[in-house]
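Each of the next two complexes has chain A plus one more chain, namely chain B in the first and chain C in the second.
Coming up: the complex of A and B.
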């Protein structure tokens, strides 16, 4: 029993699986985007190679940076990975059953830690990027939470695994509440900073945004955080809206379908300005509220 | 009230953008005064790309000058060498053969095509639309291939020489080039739709970076930037050179004067260039195969001037000859030199900081063209000219 619990937390569907899948999603997204842009694109395992290479690079810490510069990326990565371990993957939760609020807590805390790393590096570009990130958070958390509440009310449970099983037996929640699913998808794009929401790291305006000053293994951690966040949000999407999953196969095709949709957005969209992001996200929040009203009335 | 003012003071600060910034390909500095996110003033400091080319040209003979002129700019290299050759030909008082005129016009219009495609790509990139960047630059490859069939080179063509051109256009290549031009026309139509109808692109370009017609006139803005503000100016029509008075084409103007208008002017100029190219390619077979007028390269005491329309606007070459094989004085004025320092402070004022890359990109600055003989002291903001003694001193200080 004990060995099974440890294996489930560490190997499948635990940490190793999560890290492997987040590399796969990221590589898949880069390859598909490249083919859509008439490029050849990197091989599927390029994200893994990037991270390995960065691990061996020199780690430079600016003199002006504050203490948090050294540990915020690590905290961000760990808390997003924890959020991943609390999400049901193919019908089982790696770390055992817990309710959706703990999951949300780790997700939001991980994102905030990312932006705090920007604030602590004392570079004007990092600070501007972090400010934009926090403002964007104010925008996307509203539709995100509204859409999750719709799903929770529809399934009648706050435990992700029960919502997952509810969908397996009763059909997709996104079919009965399409507006909430739409709000969720928009907030997913905004959360992982996929165009048109790549405002906090707008290359042409603020270099690399909040992670401008990072190099070496800490940059690798930030990149890992991005990839893990994509994985966690796609898993949440499957659990809460897109039919749930009990087999690895259904988990895979659904997640790759969501990543493909996100890639489409990445390829066809230009960047928004931060004030448009707020307005846009809140509009979708209110769109999600329509479904919430439907479920309450 | 006093507290409010104090808080306001704190929000007003000066952001140094450049010399190294991902917004630019080249090094240049903008001191942007911002109040929160709103830009209240801009100071443009040019001079980081100065290479002393005018001075160098005065020490080389006229043939070597062609190579130097070609290397002033990496994008519009053809127009620089053609304008240089025209200035020397003016001083010599010679006329070039008909076929050479055709080949020069074809080179220049192909160059305008690739420069405009490049501009559309850069605009897409500044808007955060990477796909637009990839697509336009892929289509630009067709133009580069055509330039390669014409001259053997992709960037510095080495086509014009004093008295004519160096290479002939192989007649067998003309049908293939016409086919490629037709393909490019279709692609350009696609980009016009992209930039004029995509909701996000419209939102980020419409009404941004306004340059009213009066200001464009009073600040002598040139080229597509002026045409986008409703100033009907084009050197190709106003002071025709090469074949432009014999061909049928239109000057594209827009009244709005915003970023969208500047993009649209360049996008529609692509169609005009393609039309000019088609006319040239269809007519070139009628000319005699003579490529070059024989001439002496010792220019008697005279002066030569040549004004052309580069892809970015009016380009001026002026030279004074003294009877030797070297120019006495050489002066180059590029379109970016007139556009960037005078237009940027006007069009950036009152805009949001997030729109700055898009607005700066819409002027299509080419700093390595622009930096000539004025150097700017970073600490005092003073600018002064560069004389031979200063350059010599600089050379001694820096070794060789």
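Coming up: the complex of A and C.
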């Protein structure tokens, strides 16, 4: 019993599986984006190689940086990974059952820790990037929470695993509430900073945004955080809107389909200005509210 | 046992290095001909990403500095700074005749030495401008060097 719990938290569907899958998703994303642009593209395991390479590089800490420079990336990575462990994967939760709100808090805290790492590195570019990130957060948390509330009310439970099972028996929530699903997808793109929402790290404007100053293993942690965030949000999407999953196979094809859609957005879209992002996200929040009204009235 | 572990880690890291060069392109003030050829390396036809390379506009994240153009008096301190901002281990590639030996700007009043007076250069890619294939080969040569270079 105890061994089983530990194995499910660490190996499958736990930490090892989550990290492996998040590498797979971003590798898939880069490969598909390359194919869409008629390039050959990197191999599927490219993100893993990037992370290993960054582990072997020099760790520079700027003189002006604050104390948080050293630990915020680590905290961000850990809290996003914890959020991943609280999400049902293929019908089972790695870290035992808990409600949506814990998951939400871990997700928000991880994102905030990323931006705090930007603030603490004292570089003007990273501060601007972090400010943009926080402003963008005000934008996308609204449609995100609204769409999750729709799903919670439709399934009648705050436990992700029960929502998952509800969908397995009663069909996809996104079919009965398409507007909320749309709002969710938009906030997913905004949360993982996929174009048109890569405002906090805008390469042409503010060097690399909030992680400009990071090198070596801390940069690896930040990149891991991005990949884990993509994984967590995709599995939240499956659990709350796209039919749930009981087998590994349905989990895989649904998640790769969502990643494919996100890649399409990444290849096709250009970057929005930060005030447009705010307006765009809030419009989708209100679109999600229509479904909320439908469910309540 | 420990030795073996070190050796395996070494091999893993050098493999990952070979497969994931992140590149910073910097034009120091040539005629931009080399820059255009350099951008061709990133395009679908030559596609550096199939070797894992990504163009990063940030010295903190880069491994390979691709520098073209003659070094002007204005750019020299900034170039030095970019070199120092890049974390070890790193490789510098001089692209084009200008960066190697001042090229057609040889006796110009505002030129301050070839690139290797500013920073140690590892690979030279000659040509005015060199072809994208040549630049790509330079990058691959640099990767061989970089693979066995350890953190200081």
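Note that in this section the second predicted complex is superposed on the first by the 297 of 297 C-alpha atoms of A that agree within 3 Å, B and C clash if a C-alpha of one lies under 4 Å from a C-alpha of the other, contacts with A are read in each partner's own complex, and residues count from 1 in each chain.
Just so we're on the same page, a residue touches a chain if its C-beta (ideal position, glycine included) is under 8 Å from a C-beta of that chain, and two chains touch if they have at least 3 such contacts.
Keep in mind the model is a prediction, meaning the values are calculated, not measured.
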For this session: Pick one for A:271: touches chain B only (first), chain C only (second), both, or neither.
Result: first
Exercise. Looking at the overlay, what does A:207 touch: chain B (first), chain C (second), both, or neither?
Worked result: both
Problem set entry | Which of chain B and chain C A:2 touches, first, second, both or neither | neither
Exercise. After lining up the shared chain so the two structures overlap, which partner does A:67 touch, if you call chain B first and chain C second: first, second, both or neither?
Worked result: neither
Exercise. After superposition on the shared chain, which partner residues are touched by A:57: those of chain B (first), chain C (second), both, or neither?
Worked result: second
Exercise. Who does A:195 touch here: chain B (first), chain C (second), both, or neither?
Worked result: first
For this session: Tell me which partner A:296 touches in the superposition: chain B (first), chain C (second), both or neither.
Result: neither
Problem set entry | Between chain B and chain C, more extensive residue contact with chain A | C
Problem set entry | First (chain B), second (chain C), both or neither touched by A:124 | first
Seminar exercise, completed: On chain A, the footprints of chain B and chain C overlap at residues 37-39, 203-204, 207
For this session: Please give the residue numbers of chain A that touch chain B in the complex, ascending.
Result: 36-39, 124, 195-196, 198, 202-205, 207, 267-274, 276
Exercise. What part of chain C is in contact with chain A in the complex they form?
Worked result: 12-13, 15-17, 19-20, 44, 47, 49-52, 56-58, 60-61, 63, 85, 87-89, 151-152
Seminar exercise, completed: The residues of chain B that touch chain A in their complex are 15, 21-23, 124-132, 134-135, 138, 198, 200-201, 203-204, 352-357
Problem set entry | Contact set on chain A toward chain C in their complex | 30, 34, 37-43, 46, 48-50, 52-53, 55-60, 203-204, 207-208, 212-216, 219
